[in-house]
Structures are given as C-alpha cells and as structure tokens.
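Take this structure first; my questions come after.
By letter and in written order, the chains are A, B, C, D, E, F, G and H; residue numbering begins at 1 in each of them.
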Amino acid sequence: MKIYLSGEIHSNWRQDIMDGAKTAGLAVEFFAPVTDHAASDDCGVAIMGAEDDKFWHDNKGAKLNAIRTRKGIEDADIVVVRFGEKYKQWNAAFDAGYAAALGKSLIVLHGADHQHALKEVDAAALAVVEQPAQVVEILTYVLNGTLPK
Amino acid sequence: MKIYLSGEIHSNWRQDIMDGAKTAGLAVEFFAPVTDHAASDDCGVAIMGAEDDKFWHDNKGAKLNAIRTRKGIEDADIVVVRFGEKYKQWNAAFDAGYAAALGKSLIVLHGADHQHALKEVDAAALAVVEQPAQVVEILTYVLNGTLPK
Amino acid sequence: MKIYLSGEIHSNWRQDIMDGAKTAGLAVEFFAPVTDHAASDDCGVAIMGAEDDKFWHDNKGAKLNAIRTRKGIEDADIVVVRFGEKYKQWNAAFDAGYAAALGKSLIVLHGADHQHALKEVDAAALAVVEQPAQVVEILTYVLNGTLPK
Amino acid sequence: MKIYLSGEIHSNWRQDIMDGAKTAGLAVEFFAPVTDHAASDDCGVAIMGAEDDKFWHDNKGAKLNAIRTRKGIEDADIVVVRFGEKYKQWNAAFDAGYAAALGKSLIVLHGADHQHALKEVDAAALAVVEQPAQVVEILTYVLNGTLPK
Amino acid sequence: MKIYLSGEIHSNWRQDIMDGAKTAGLAVEFFAPVTDHAASDDCGVAIMGAEDDKFWHDNKGAKLNAIRTRKGIEDADIVVVRFGEKYKQWNAAFDAGYAAALGKSLIVLHGADHQHALKEVDAAALAVVEQPAQVVEILTYVLNGTLPK
Amino acid sequence: MKIYLSGEIHSNWRQDIMDGAKTAGLAVEFFAPVTDHAASDDCGVAIMGAEDDKFWHDNKGAKLNAIRTRKGIEDADIVVVRFGEKYKQWNAAFDAGYAAALGKSLIVLHGADHQHALKEVDAAALAVVEQPAQVVEILTYVLNGTLPK
Amino acid sequence: MKIYLSGEIHSNWRQDIMDGAKTAGLAVEFFAPVTDHAASDDCGVAIMGAEDDKFWHDNKGAKLNAIRTRKGIEDADIVVVRFGEKYKQWNAAFDAGYAAALGKSLIVLHGADHQHALKEVDAAALAVVEQPAQVVEILTYVLNGTLPK
Amino acid sequence: MKIYLSGEIHSNWRQDIMDGAKTAGLAVEFFAPVTDHAASDDCGVAIMGAEDDKFWHDNKGAKLNAIRTRKGIEDADIVVVRFGEKYKQWNAAFDAGYAAALGKSLIVLHGADHQHALKEVDAAALAVVEQPAQVVEILTYVLNGTLPK
C-alpha cells in the first residue's frame, strides 16, 4: 500500500509514522514532499536562474515541487495530511482537496484547536486523528485487520 | 461560461465581480457556497438534529455544504478562489486543490502579504490577481477578447 | 439540480419529497425507477417473450430496468436512497454503491432500527435522515441557503 | 489476476475458494475485507476514541473499513460477492453496486432462495453461482481455459 | 433520452422505430449514421480528392463517417444495433463494442438465425429483440413505465 | 455540433468556414481563440501588471489565453487546426495534440508544402484538407449526409 | 509491452506471432481468448448448469468468456484483431470497437478480400496487414526501432 | 519514475540526460521515440508495402510511430520536450499538447530564441530550461530533494 505524507515539515511526525510502520512490519511504502524548507523554497531559482520578483522566485520553485507532489498524491492509496501549530499551511489544505477530488482515502492529522477551521477538510476524510501513532494503528488495522491492545 | 466563486465570505468581493460582469454584459453564470456564516455552520444540526460533540456538529454541516460546493466546482469552467485577510481559510485552499485536480481553470485572488504562503496554490493557477475588478477584466477578455482601456 | 430517488416503492416518500420541493419552489428535477411493482417485475417477458425459468424471467426484467436506473443515477447530482421496513432491498444498497463509485452526493433515508445494518452505506453518504421532509429541507438549504425555522 | 471476495463473513466460503485456487495452482491473488466481526465493528472507536452515540461509533468504524474495501475493489479484476442466509447484508449489495459502476467483472454467489430479491444484482453480474467450488471452476476456466471434468 | 441507431441500412427498421416512438409520444431524440450507401462509400474522395487505391478510397470515407458515428454513440443514452440478413456488418459489431466499452445501454436487434454468431454481442446487451416494434415497447417502458397491452 | 477553430490568425479561413456553414444552413456553433494578435500577446500584462522579463510577459498572457483555449477544445465535438504559411505555429500543433489526447475528431487544414512536416499531426486526424471550403463540405456531410455536387 | 490477440481461432496465426516474437527476442507478453472452440461454447453450462434454451446456453458462456476478454483488452497496449476466411466473426469486430473506444493501439490482420467490408474497422487501426509476420515486424520496430532487412 | 524524452532527434540531448541521470544514480527509466530518422520515415512502407503517394507513405509511418509514442507518453510521469534549432518540429509541440491534456508533468527544453514562439507550450510546463544538464538537476531534485552545489 502506498501512503503519501503531506503537510507540516517542522516536526518529526513523518519519521514517527515510518518508524511505527517499520516496527509493526507493515507492507507499506511512504512518499513525501521535499521537507528541506530552504531547498523547497529555492529549488526553482537554484536550477533555472534567479528572479528579481519574489512572485516568480516562488512560482518557479512551487512548480518544481508540484512535479513530486502530484506524482506522490496520484500514486497513493492513502493520503495523510498533517496540520501543525504554525504557519498558514495552505499547501496542506490544497493537497487534501487535490487528493479528495481524485477519490483517495484521506486521513487528517491535527490538534483539537484546529477542529472548527478544518471542518471542511475533516468532512472529506475517512479518519481524523491527533497523533502519528494513531495513523500507524489505522494502517495496521487496514492492512492486517488487527487492533491495538 | 460557468464561474464558481470560492473562499472568503466576509467582504463584498463576489458582489463586486457579479456587478462588474453585469455591467460588462458578459454571458456568465456565477455559483458560490452558502455565504451566510451562521447558516453554513449550523445547517447540519438544524436539519438533522443536535450533537453534543462539536466535531460532529461541524461534520454534519460541512457535509451538507459539500453537496453544494462539489456541484459548484464540478460544473464550473473557471474557479475563482479568494483569500481574505482573516481566518485560516483552509476550505478555500481545499477548494483550490479540488479544482486543480479536476483540471479547472483556476484564478486566485489575494493581497500581496499572502504571496509566499500561497505559492503552491498560485502555481496551480492560470491567473493571480489582487482586485475583483481584475477578475472582471479577465472574464471580459476570455469571453470577448477585449482588453481594459 | 437533478435528484434521483432510489429504493423503497411501497410508501409515498417520493411523492412527499416532490410535493415538498414544489411547495418550496425549488429548481429541481426528480427521476426515479419504475415504481409499479408488477410492471417492474414482468417488463422483460412482457416485451421480449416468456421464460420457463424464474431466473431468466427476472434477469430480462432487471436488465430493462437497469436502462432507466443507470441513466437516472448517472445524470443525477444527488442520489437519495430510501430503505423501508420490509423486504431485502438489495437493489437500494446496490444503487447506493453505484452512486458512491461515481462520486454522486448521497443522501440516505431510513428508520433508526436499520442504523447498524446500514453503517457502510451511511458512511458513504453526505447526509442520513429519517423523514422525507428532511430531504426537502436539505434540498432547500443546498439550493437556496435557507434553513427551516 | 486479482480477486476481491466481498460479503458474508460467517461461513468459510472465502477459505474454500482460496484453498480450491491453490489446489488448482491458479495465478491469483485474493483480497477481502476484515472478517473479524468484532474488530470490524469497533475499529473506529478503538483507534480514534469512544463515542456515546451508536451512529458515530459505527460511522467511525465503517469509514476505516472503507479504506480497505475501496482499495480492494478498485484494484480487483474480479469481484465476487457472497450473500449468505442471515442478516441484511446491505454492505455486500453496496460493494456489488460499487464494483459494477467501476466496470469490474462481477460474480455473485447465493442460494436459490435469494434469487428474486437479488435480481438487480445478478443482472449486473457476469456469473451467478451457488457454490464456492463453482467460483474456483470459473477462475480455472478464465485463467487456463480448462473446464471441470 | 438520446438513442443511436447503428447497423443495417437496407431495410426500414430505423423509420419503423422513429414512427413508433412518435406515435407513442416518447420524449426521445434519434441519431444515426449516414444511411445513403453510395454517399457513405464515396464521401471521402468526393470531398478530399480521388484515390487510385481502393484501400485509401475507403479509408478516407470511413474516417469521415467516424466523425458522425463516434459523436452519435458518445452522446447516446441507448445504442440500438441492428444486424440484418445480408453482408458482413462488421461495422455494426464494431459500434456495439465501442458502445459497450463506453458503458452505454445496448439493445441488439436481430433474427433468430444469427443468435449463435452474435452471442458475444448479445451478452453485452441489456436487451435482445427481433422486431423494431419491441424496441419501441422498450423505450416506452423505460421512459413511461408502461407495458404493451 | 460544436467546432473549435484553432491555429493561424493571419488569414480569413475562420470567416470563410463560418460564412460557408451559414450559407449551408448548418446547425453548428463555432469557437476560436482570441484572434487579435496584439491583445493576445499583451493580455496578461494589460490586466495583471507589467513584467520586465519577456518570458513572464508572455507567460502571463499565454495562461490567460489558455482559459479560453482549453474550454474551447474540451467543449468541441470537432477541432479544426489550420497551419498557415508563416511562423512556427507551435501552438497550433500543441492544440492538435491536446485535442487528440481528449479523443476529439480532428480536421487538419494545410497546404501541400507542409505535408511531410505535419505527418504526425495528420496521422492523428480524421480528415486532412487544403481549403476552408472542404471543411464546410465535411461539416455538411457529417451533419446532413449530403455531398457536394 | 502487452499484446492482446483477438479474433479467428481456426488457424495458427497466434502461434506464428508468438514464435516470431520469441525468435526476435522481443520483450512482450501475449494474451488471448480461450481458443478451444468447444470449451468456449460450453463453459457456461459446464460450470453453472445446463439450459434448455440455446440463447441462455450461449449467454452464460459468452459472459464467462467476457471476464477473460475484457481483462485482456483493458490491460493491453496493443490489440491485434485477426479476421479469417470463415464465419461471421462479429466478436472480432466487437473487440476491435471495444479496444478503439478505450484508445488502444489497434492492428488489424486480414486478407485483401475483406478490405471493403472492414473499412470502418481498418479506419480505427494504426496498422492493417495481411500476414502474421508483419505483426512481428511491427512489434520489432515499435520496441527496438529496427526494420526488416 | 518514468521519463519520456520527446522532440529533436539531431543532437545528443537524450544521451546527455541519460548519462547525467546515471552519474547521479537516479532511479529513473527513460523512453523515447525511434530516433533513427530514416527508419522513422520509412517504417510504414518497409513493413506494410510501398505507396505511390507521399501522403500515404508518411501516414503509414506516422501511425506506426504513434504506437510507440502514445505508449511512451501515457506511461510517463514526466514528459520532456526538446525544441532544437532546425525544422518545424510540429510533432514535438503535438506531443507537448498530448502530454498536457493527460495531465503529465511537462518540462520544455529550448534556446532563448524560441521563447516567444513557444509561449503557449511553456505556459503548460512545470519547468522551462535551456540545457540538458538542468533537466538532470530537476530530476535529481524531484527524486532526492538535493540541489546542485
């Protein structure tokens, strides 16, 4: 089963899920965006030349990142989207909408304080959880049919 | 041509665009989510019964709103998404992702201060503007081939 | 907006919804299967010749009905599926699955006693209600943005 | 070839088919829902927290199960749906409708007493049989071109 | 409802169906290939210039006819394919396969003597009949729910 | 029937076809890109602000034009692509590829001197002609089944 | 590359192509319908029980064969359809239409005497040849870029 | 990741990219059209027999090439299209349009002198570069998240 891990890049939630899945011995493959913030911001100009205007600087980079992101979502069976505490995270919500339109199984991961603001995203999800460990439990159940003790 | 106007519900931008299109005599139809904030929040429980848990209160409402929203986006030729000054607006970004995955022509409308945070959304758009009047100009050009003087 | 009314044919729920929508002045079109039980059972052999074997008698009829049913579901924006008190109603659940796979907005209508048995169908729905009047309220909200007083 | 085995979870029909396919040396992979009834009912609350309301208890679980079920059906070349003697089995009919809408080859497995009630489901199938051994014979024929002696 | 009438062009079956539908007052639109045999054979060279080689003469014509045929089938809700007594009629079977792959409701019309040779085509159909009047009866039932007396 | 007229904007071929279709009384609707060369080049910066870099000047304009072009091609039953004597006309070939991938009926219009260079485009077409009058003859045949005298 | 070999089952053309591809060392996989005529005719009743009526005898068999045939065509990159000297071969033309509607690359194999009758089928093909050896040459060219000496 | 390399066949740009990817140790597979110009022009007549008319000579060849080209584009995650200095290269632009309509990630490779003429193609791309080495850098970033030093 292929899992795309979208969203927050400033905490270890991806690693927590991947470690948990490994410990559980799950037959899964994980995909993710580039999580090196600086590389992700500057990839466009680093490869294709500098821009004076910040809009085009960002545009070039965001398009390069889209090559990886779209592929990751389109190939995935499950898209997990994590909303963290900081930043606008509109790209996370954008990925969730993209995944929903493609009919992907969507799992949303966020703290209770974001509940109301994320109600439309949560309503498109098959599961809404607060902890990475719960994502591992879901994957374990979906793949092996076993529940946490 | 069918236009879906997604996003911010606390300013008059939809009316500005509809008025402008009317003045310009454009052959367009506009669609939008329910923009009555209270009705939009409470529609689920008002029709289907109260919930103790805020999550399910919101979930019921968000799903009802999705009936209208998905229909509006799926029928549209152009999806305009407006990001305002306030709130998280994750549903706007979700709609943008949903529209992008369906291959809709996307126009994003936001102020300069949101430029960096919206770079992934902007990168999926065919036009990024700051003013509703520019959306009217785009529609005028796309439909009639004429530019503002 | 196009609404397909699938399921139970032994009560007046379709007429209740259509009357309610008319009273509310909603811009909707309703579609439904043939609800004349005898005609629906015998249409195949009446037109294409008798069969000795009940299986083929039913098979011929069910295929003719499928011409109308598939068209109704595929054209619909919203599919309402009603589960009544009697019979197996597997065709209702089949229609719900068919509609879900096509990404239609699904509204399920059933009494509280069927709740557990219908949990998979309900989980695919955007709304689950008990009364036809609630379907009218949902349509009123989705189309006009107004809630019941 | 990938086969999804949907429906009844209270008899050994899945094992019978899998054993038969193994004995016949068929190049097939089988997929199925979680068939542990208790786990299937409670998976949602076990992982995502308890609910007071039975509807949401079931809703959370049914959505988790949908992650596995949808993937199984969407990946399958053939969907076999078994209707047993007991229960409403609306999820089986739902899966059949879902599979039919995706254009999957559908094989329906049920006793003669359900024939009339399942006529719409049977009409969407490429084969209707009563015994698991017949499913093995069909798979043997479809894959190897050989008939039972 | 849109009906495409494919196949035999040497008898009056299309007119019989259209007359019958008119008499029955059915809300249907009929589409068909060009049924002027000579025009259909020579359209390519008449418009685009003569060819020495019969293969290219036919190729040019068949491609022009495909513009009309594909549009007719793709727009149709129901595709009726008639196999007559004479000729190979491979284009009729081709249209049936094309319609089947698009998920169109297929009605096949042929005499009893062609039954075995058409078994694969019939197996993809929702109705198999011998007389144009039966097609009218089917359309009447599908649209109005009424059976012949 | 909906016809999109793509390609060359420096001769009167579109008008010739539209006039011919009108004279012939054909039930067709024509769509086309903006054919005002200056407006087409500058639309982006005229509405969304000037750019120092020619690449972004063109990029903004080309994306606005894409809103109209994609809509025109996606809605069309037939896409006619005209290659004239001058310029690279890569956008014409791009439109032809876009139309081909969507399964549209493609008619290519060009002089004999471009035959070899356009062989891949011609191979994807259902008709290749040299004169606008031949396009009118094709439309007349496809719609009415009549050939030029 | 996956190749489906549809059509005539009374000559060795499939073996000729498979042998030729093996000799040429091509990286291809071949798929085909069941070519044992008796098994293909009787598979339905052999597994699912006898029928008095020849129509249902054939219907049961044709549907079982469709499980294999549809899978073969849908998985294929190239569909080769062979029309032999005898029989109506409507299933071959049906498969060609089915493949064409799915956008498969179609190669048609037939003798010169069938040229006019197969003009619509040929017009949907990317290659029309008379000999199995030419199919091997095409596959060799498509895969390796080398031409026969 | 699968990469299709479309366009110019008279320079070593494909080899440069493939060598660069190998040096970088990237997990990619490359596909391309037949780049032997003579074979590509004559493949049709070499295998299927000579034609007097150059149009059909080219038509037969272009259709054979389409078997390989369409497969290559449809399987690809990324389509790179190179426009060289010479020739019309309409097939390159056709491939770009074909890829864009299928939603493939498009990278366009051309010199600065073609910038204005390629503005519509560039506007559909996620990256526009001048050197093959930049394509390798993009692939390295997309796959491994690392930027050139």
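Simple rule for what comes next: a residue touches a chain if its C-beta (ideal position, glycine included) is under 8 Å from a C-beta of that chain, and two chains touch if they have at least 3 such contacts.
Owing to the predicted nature of the structure, the values given are computational and were not obtained by experimental measurement.
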item: Same or different contact residues where chain E meets its copy chain C, judged by the half mark; value: different
item: Turning angle required so that chain A lies on chain E, C-alpha fit (0 to 180°, nearest 5); value: 180
item: Centre distance in Å when chain A and chain D are each reduced to the mean of their C-alpha atoms; value: 31
item: Rounded Å distance, chain C centre to chain H centre (Cα mean); value: 50
item: Rounded Å distance, chain A centre to chain G centre (Cα mean); value: 44
item: Interface hub residues of chain E, defined as touching at least two other chains; value: 63, 66, 128
item: Chain G-facing residues of chain D, complex; value: 1, 77-78, 105, 126-129, 134, 137-138, 141-143, 145-148
item: Interfacial residue positions of chain A with respect to chain H in the complex; value: 34-36, 39, 42-43, 46-48, 60, 63-64, 66-68, 70-71
item: Of chain C, residues touching chain D in the complex; value: 54-55, 58-59, 61-63, 65-66, 69, 83, 87-102, 114-124, 128
